[in-house]
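Sharing a structure with you now.
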Amino acid sequence: MAGEKGKVCLAYSGGLDTSCILVWLIEQGYEVVAFIGDVGQEEDFEAAREKALKIGACKVFVEDLKEEFVKEQIFPAIQANAIYESVYLLGTSLARPIIARKQIAIAAQEGCQFVSHGCTGKGNDQVRFELAYYALKPDIQVIAPWRLPEFYDRFAGRKDLLAYAAEKGIPVAQTTAKPWSTDENLFHISYEAGILEDPNDMWKLTVDPEEAPNTPERITISFEKGIPVKVVNHNDNTEVTEPVALFTYLNTLARRNGIGRIDIVESRFIGVKSRGCYETPGGTILRTAHKDLEGLTLDGHLRAQRDQNITVPYSRCLYNGLYYSPECEFLAQSIPFTQRNVTGDVKVKLYKGNTIIEGRVAHGDGAKLYDMIESSMDEHGSIVQSDATGFIKTHSIRLKKFTPASQ
Amino acid sequence: MAGEKGKVCLAYSGGLDTSCILVWLIEQGYEVVAFIGDVGQEEDFEAAREKALKIGACKVFVEDLKEEFVKEQIFPAIQANAIYESVYLLGTSLARPIIARKQIAIAAQEGCQFVSHGCTGKGNDQVRFELAYYALKPDIQVIAPWRLPEFYDRFAGRKDLLAYAAEKGIPVAQTTAKPWSTDENLFHISYEAGILEDPNDMWKLTVDPEEAPNTPERITISFEKGIPVKVVNHNDNTEVTEPVALFTYLNTLARRNGIGRIDIVESRFIGVKSRGCYETPGGTILRTAHKDLEGLTLDGHLRAQRDQNITVPYSRCLYNGLYYSPECEFLAQSIPFTQRNVTGDVKVKLYKGNTIIEGRVAHGDGAKLYDMIESSMDEHGSIVQSDATGFIKTHSIRLKKFTPASQ
Amino acid sequence: MAGEKGKVCLAYSGGLDTSCILVWLIEQGYEVVAFIGDVGQEEDFEAAREKALKIGACKVFVEDLKEEFVKEQIFPAIQANAIYESVYLLGTSLARPIIARKQIAIAAQEGCQFVSHGCTGKGNDQVRFELAYYALKPDIQVIAPWRLPEFYDRFAGRKDLLAYAAEKGIPVAQTTAKPWSTDENLFHISYEAGILEDPNDMWKLTVDPEEAPNTPERITISFEKGIPVKVVNHNDNTEVTEPVALFTYLNTLARRNGIGRIDIVESRFIGVKSRGCYETPGGTILRTAHKDLEGLTLDGHLRAQRDQNITVPYSRCLYNGLYYSPECEFLAQSIPFTQRNVTGDVKVKLYKGNTIIEGRVAHGDGAKLYDMIESSMDEHGSIVQSDATGFIKTHSIRLKKFTPASQ
Amino acid sequence: MAGEKGKVCLAYSGGLDTSCILVWLIEQGYEVVAFIGDVGQEEDFEAAREKALKIGACKVFVEDLKEEFVKEQIFPAIQANAIYESVYLLGTSLARPIIARKQIAIAAQEGCQFVSHGCTGKGNDQVRFELAYYALKPDIQVIAPWRLPEFYDRFAGRKDLLAYAAEKGIPVAQTTAKPWSTDENLFHISYEAGILEDPNDMWKLTVDPEEAPNTPERITISFEKGIPVKVVNHNDNTEVTEPVALFTYLNTLARRNGIGRIDIVESRFIGVKSRGCYETPGGTILRTAHKDLEGLTLDGHLRAQRDQNITVPYSRCLYNGLYYSPECEFLAQSIPFTQRNVTGDVKVKLYKGNTIIEGRVAHGDGAKLYDMIESSMDEHGSIVQSDATGFIKTHSIRLKKFTPASQ
């Protein structure tokens, strides 16, 4: 009987995989509520809605999550300088909690006992989705078809999915498979695959630095307590302040100036290495500018504590899908204190892949830390230089008792 | 009587400051041994030697320290991904221990009770030099003229030094002062000043990215256990392997492609913020390439430990002049283990300020970590996907008992 | 002229040193406001007040700081499990910020340009006091007589102080010097000296465990969010809840049961090692009980983050006198989140130096983490045991690619 | 056919569980090699050998692992001050790698394709054994009966095992089950259970502190580079030096003085909390003495680095069964450097549960760090006290720019 096994809220993309999953779930005896989270990916959401209904979803929810994505995830990550393995800006990791939270909310509202997704059994996203599900609704049950032998044995390759789609009347847009798996949102796009034959084939968001304009663009980004609040383009006087618009505008600038591409090998949570290529245009500019403003406004000892004890483990929590965990919330809640004085403007030049800092100014209490006279090598300022003698001699007390091995 | 107060080994640069100090020390009753450490700065060492003798040094030592600088400091810093406050590659910090060690060796050999330097009383370099001196030779006595009221009160400004030089017959090369203080070595050049009126005025090592060639250069850097051992330029088949030559060649490549400039505000050890501009051409390429190869060859958990618990505190020790300290040697000696498998080649494209990774391959045990089939989203490989269910469910046990605050 | 140099607020103890300093300051031309902070030390405060006035103080403030000491310093340190070098519970470090803050408040109120204290130039307390002074009132000026040659040359030994006291009519209570320096407050007493001939001579607060009662006492300590809120003595049904009374009562219990003595060598901030003996009676019980309740109520991953990234650096900040610093406030403000669920009761047996945990129970959300059935080796509970296979196999993926060195 | 499925090396204890497993494995078609690792547990190994043969093992190996356990695991853990969640000394965790390594060696030598153990599916030991197996021999296959539904469904309770034993002629020694699961070795014994009705029932190794002698025992423990090399008992002049004998002797002393009991709730790797009671007699004395000697001989900054960045994560790796992992070996190999100067003697008083330090002396370079004169508050020594002024004022530079929140 249709729906006899219960009701599933499926994270639906409109693509081949989740369309087949939707139909397969119905075939297995579930009623399916399709949920499409708009986190800024390029997608025809209305077409996806219609497709879901056409192939059997009892209800479809298309939810605009962009604002909460920017405010609750992207900006806090910028505040924390979040980065995984010193290179990856965590674009996919940041979007997953927002999507999972809304999916769980819809599941609760629609009385679904189950949630489902189309992630494979080898990646990080299954972990990110499911740990969020379980933390947010401990009694939820998860159906992960790509980890079920009855599913993955039946759909061993792409052509099995296409055959199933043909059989079940699932409309298929693309006819040739891309050789990589992608994830796109407002913050980034990812390409993952074992081999990427021609890397230049895939980049989608950004122009190649070699093809970017020969004339740089100059902008000023203003931060309040570590949050970007205004971008001004000095080339054309554009000014944006609303969070989503601001971030989207930075994306536009970065894209046309070839900023934000990386090609890496990373360590997945489940213990395998994978190659990933990422475009994070606006985020790359923001992170560079934010770090620079911290140079001016953040006490050095506080920065050292934060860099070692918060940024590294926090980034790892995010990557590993532990956003809704006691340790991640602990780390997250500690960050705003560090940003109290990170208020000011950063002047940035964008040029052919480069984000070049050209100046910065602090406002408020953060402005007290830098004193041109005090730091000058030529001026005496308020520091009595002879104090340094006591400082050095006191530090030398224990060093004089130490026999260097590397002498 | 000349030299009645004892013998001083002075770190001598040939410039106005240390020339005045040399003469002033003699005037105070010291005998002066001048020591010039060649760590790759652009300098006419023979002219400096003659000048020192001419103005009264009893002996002059010009020591080529480039090889030990590259092998003992630069390459280990690359292995550790050393970086201060997420931006500064520590060029000055790395050279100081090498210079101090030789200065102390000469002081010991020449029977000097004192060492002296021309660093100001507000900077990091006084600390770096003196902590190294005291650790290496606990009974050494330090004369830091810029911290002595009898010196800094007498030489309140540059014109007092010039007047003194004129009076004492000290040859003066440059007649107009640069508005910044610089430090140059094989690894980098620094410019520090309260204000930098026209930033484009100072850059010396690198071309402006806007003026770099329109055609990229492609190279391959080979590492053995994290140490660069070969660079091949695919544009012209140049190949270099000897450490100093290799590093110098990377400098050449980076300089002409506009790579390695930064403009930052940093936290000095003594607690003041200062603005610094740095050019670290070859080091910037090497660090990027090394990090990339680690992505392929370094276990993720080991990398996480190293990033948090070694790289951050190690970089801080280096910056703060604690190279010869128990904690810094402890951190340093732990690093080679992490590099056992960091062996392979990294393909890099250099283009107008960008260091772009275009591929990498591992050799030896490090090659085992990445398995294209295993990580592929489309292939099953050796991982039974259903294991991930147990992995996720086990991780969820504690999360189900947690009530997220950010729900 | 009397007071011509300005007004000093002196941290006054009533003892020989600070009495001589008080008179000496007047002699130097300062007007002196004496400030006595009552942090629970055994002292005749009224006698000290009269003595200060008698020897020339223009005003005397005796301030009861016990409640703020307990609530703002002791209890938060218990919440954080603060400990220095794995042994020292930081009794002196915790009291200093409370004393300094009040001293600065009085200095401001009384229009003092200066503050002064009787700490020596080799210890931690000078640092703790002065860093707090400067952070709280950056324009304050500090007079530290024991670091001034004109003072320490004049008072080279105790007999010089006694002679001065006799000359100036300063009443002297004790005639023979104790061979150690002590600091006492509600939390602890310290004894520091190069050599302690007969260690059993000095212990003051606690009985020797060998002389403690043969019958144990059993108590229950209740915590709310990591703060002790009630102590019940099961031997006699005593029950206390008010913070100062509760802590004082724990002191009483610990003292008579011989709990809280340590004898250590520690690393002072200024780089020398010193031997210290400490009695921290009530604090020792509280710390043990609090850690135990955390075992039951604190998520393991959160505890790991806190133990490594907060407790260690936070304790070091406290020890080094950096209480009023950006990094210490940052660490401190992160702690309450960890204590949200640390609510419950701990049963403790006190016996001849031992604090023995005999049981614990959690209240509220913290009670969810432990589930007797779930953890039992004999019962199945809610965990599907076969999930562990997937957990282990997934963890083994990367280990299978690793060649152990210690094989 | 007997053994048709291949050959299994089973970690055998001689108890009911592993005896039933042995027989069950044969029943399933495996040939079974029994392996008994002697890590110091109280056991009749010859009786266990005979029992294994009697019930069907094709071969039995009884291996004395005590010396490698002491030298490769216990002493390095003492050097590192290893401790889990600030209370547990890791007794079981330390023995597992030694047992697993030998089991894998026997499996390789005997041509076993499989290894097996009797650990449950809810505990840490399954993880510790299996991660070691996979790291040491990636192609090994693991049979964990307590995670196999065909096993755990059949043997739902203890009486099913007893019935099976009766049916199969497996001799059963104990007739009544203890309400807890235990693990014993030279270092410790553990008791784990959901509820412990009468805690005093179980303690086996140590006397109750209340019943320990009224007269203390005084000993001196000598360390060389952090390794205990001699114990002298001053009450009777006993002296031991050989590693296993030394550790066994410390156990004897601690047991009779009631030292080493703890009762805790801990966080298992798989995410559940469990209650554990442990007796770690000799290890408790050694850890206390070693930490004390480090106070005297270990530089404070090095100690801080080690405490935060090594001890905490290293202990967690050990607990989680990651001994044979890149990160654990990395942490382990960093430790000997810290112990270079931890050489000297510690005087300890043992009394009714207490390990009381009564003095310490350093030998070699470690003796340089403590200087009685230097640290004395009354003597000037080699430190010019006025240097402290410069030290404090330099530290205050950044603090003066900070506005404390807790003012």
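All chains are identified by letter, namely A, B, C and D, in their written order; residue positions are counted from 1 within each chain.
In the analysis below, contacts are C-beta pairs under 8 Å (C-beta built on N, C-alpha and C of every residue); 3 or more make two chains touch, one makes a residue touch a chain.
Chain identities (UniProt): A, B, C, D = Argininosuccinate synthase.
Given the structure is predicted, the values throughout are model-derived calculations rather than measurements.
Student: Touching chain A and chain B alike: which chains?
Tutor: Common contact partners of chain A and chain B, which must touch each of the two, are C, D.
Student: Counting C-beta pairs in contact, does B-D beat B-C or the other way around?
Tutor: Result of the comparison of B-D and B-C: B-D.
Student: Measure off the straight-line distance from the CA centroid of chain B to the CA centroid of chain D, and report it in whole Å.
Tutor: Chain B and chain D have C-alpha centres separated by 43 Å.
Student: Taking each chain's centre as the mean position of its Cα atoms, how many Å separate chain C from chain D?
Tutor: Those two chain centres are 32 Å apart.
Student: Once you find the CA centre of chain B and the CA centre of chain C, what distance in Å lies between them?
Tutor: The mean C-alpha positions of chain B and chain C differ by 41 Å.
Student: At least two other chains touched by the same residue of chain D: list those residues.
Tutor: Residue numbers touching two or more other chains: 267, 270-272, 299-301, 304, 308-309, 313, 322, 325-326, 329, 333, 369, 383, 386, 388-389, 391, 394-399, 401-402.
Student: Inside the complex, what are the residues of chain C that reach chain A?
Tutor: Counting only chain C, the residues touching chain A are 267, 270-272, 299, 301-302, 304-306, 308-310, 313, 322, 325-327, 329-331, 333-334, 337-338, 394-399.
Student: Could you please specify the touching residues of chain A with respect to chain B in the complex?
Tutor: Those residues of chain A that touch chain B are 72, 81, 85-87, 101, 120-123, 126-127, 130-131, 134-136, 138, 144, 146-149, 152, 157-158, 181, 192-195, 199, 209-210, 214, 216, 261-268, 270-275, 291-292, 295-296, 299-301, 303-304, 307-309, 312-313, 316, 322, 324-326, 329, 332-333, 351-354, 356-360, 369-381, 383, 385-386, 388-389, 391-392, 395-396, 399-402, 404-407.
Student: Give every residue of chain A touching chain D within the complex, in rising order.
Tutor: 299-301, 365, 368-369, 383-384, 386-391, 393-395, 397-398, 401-403
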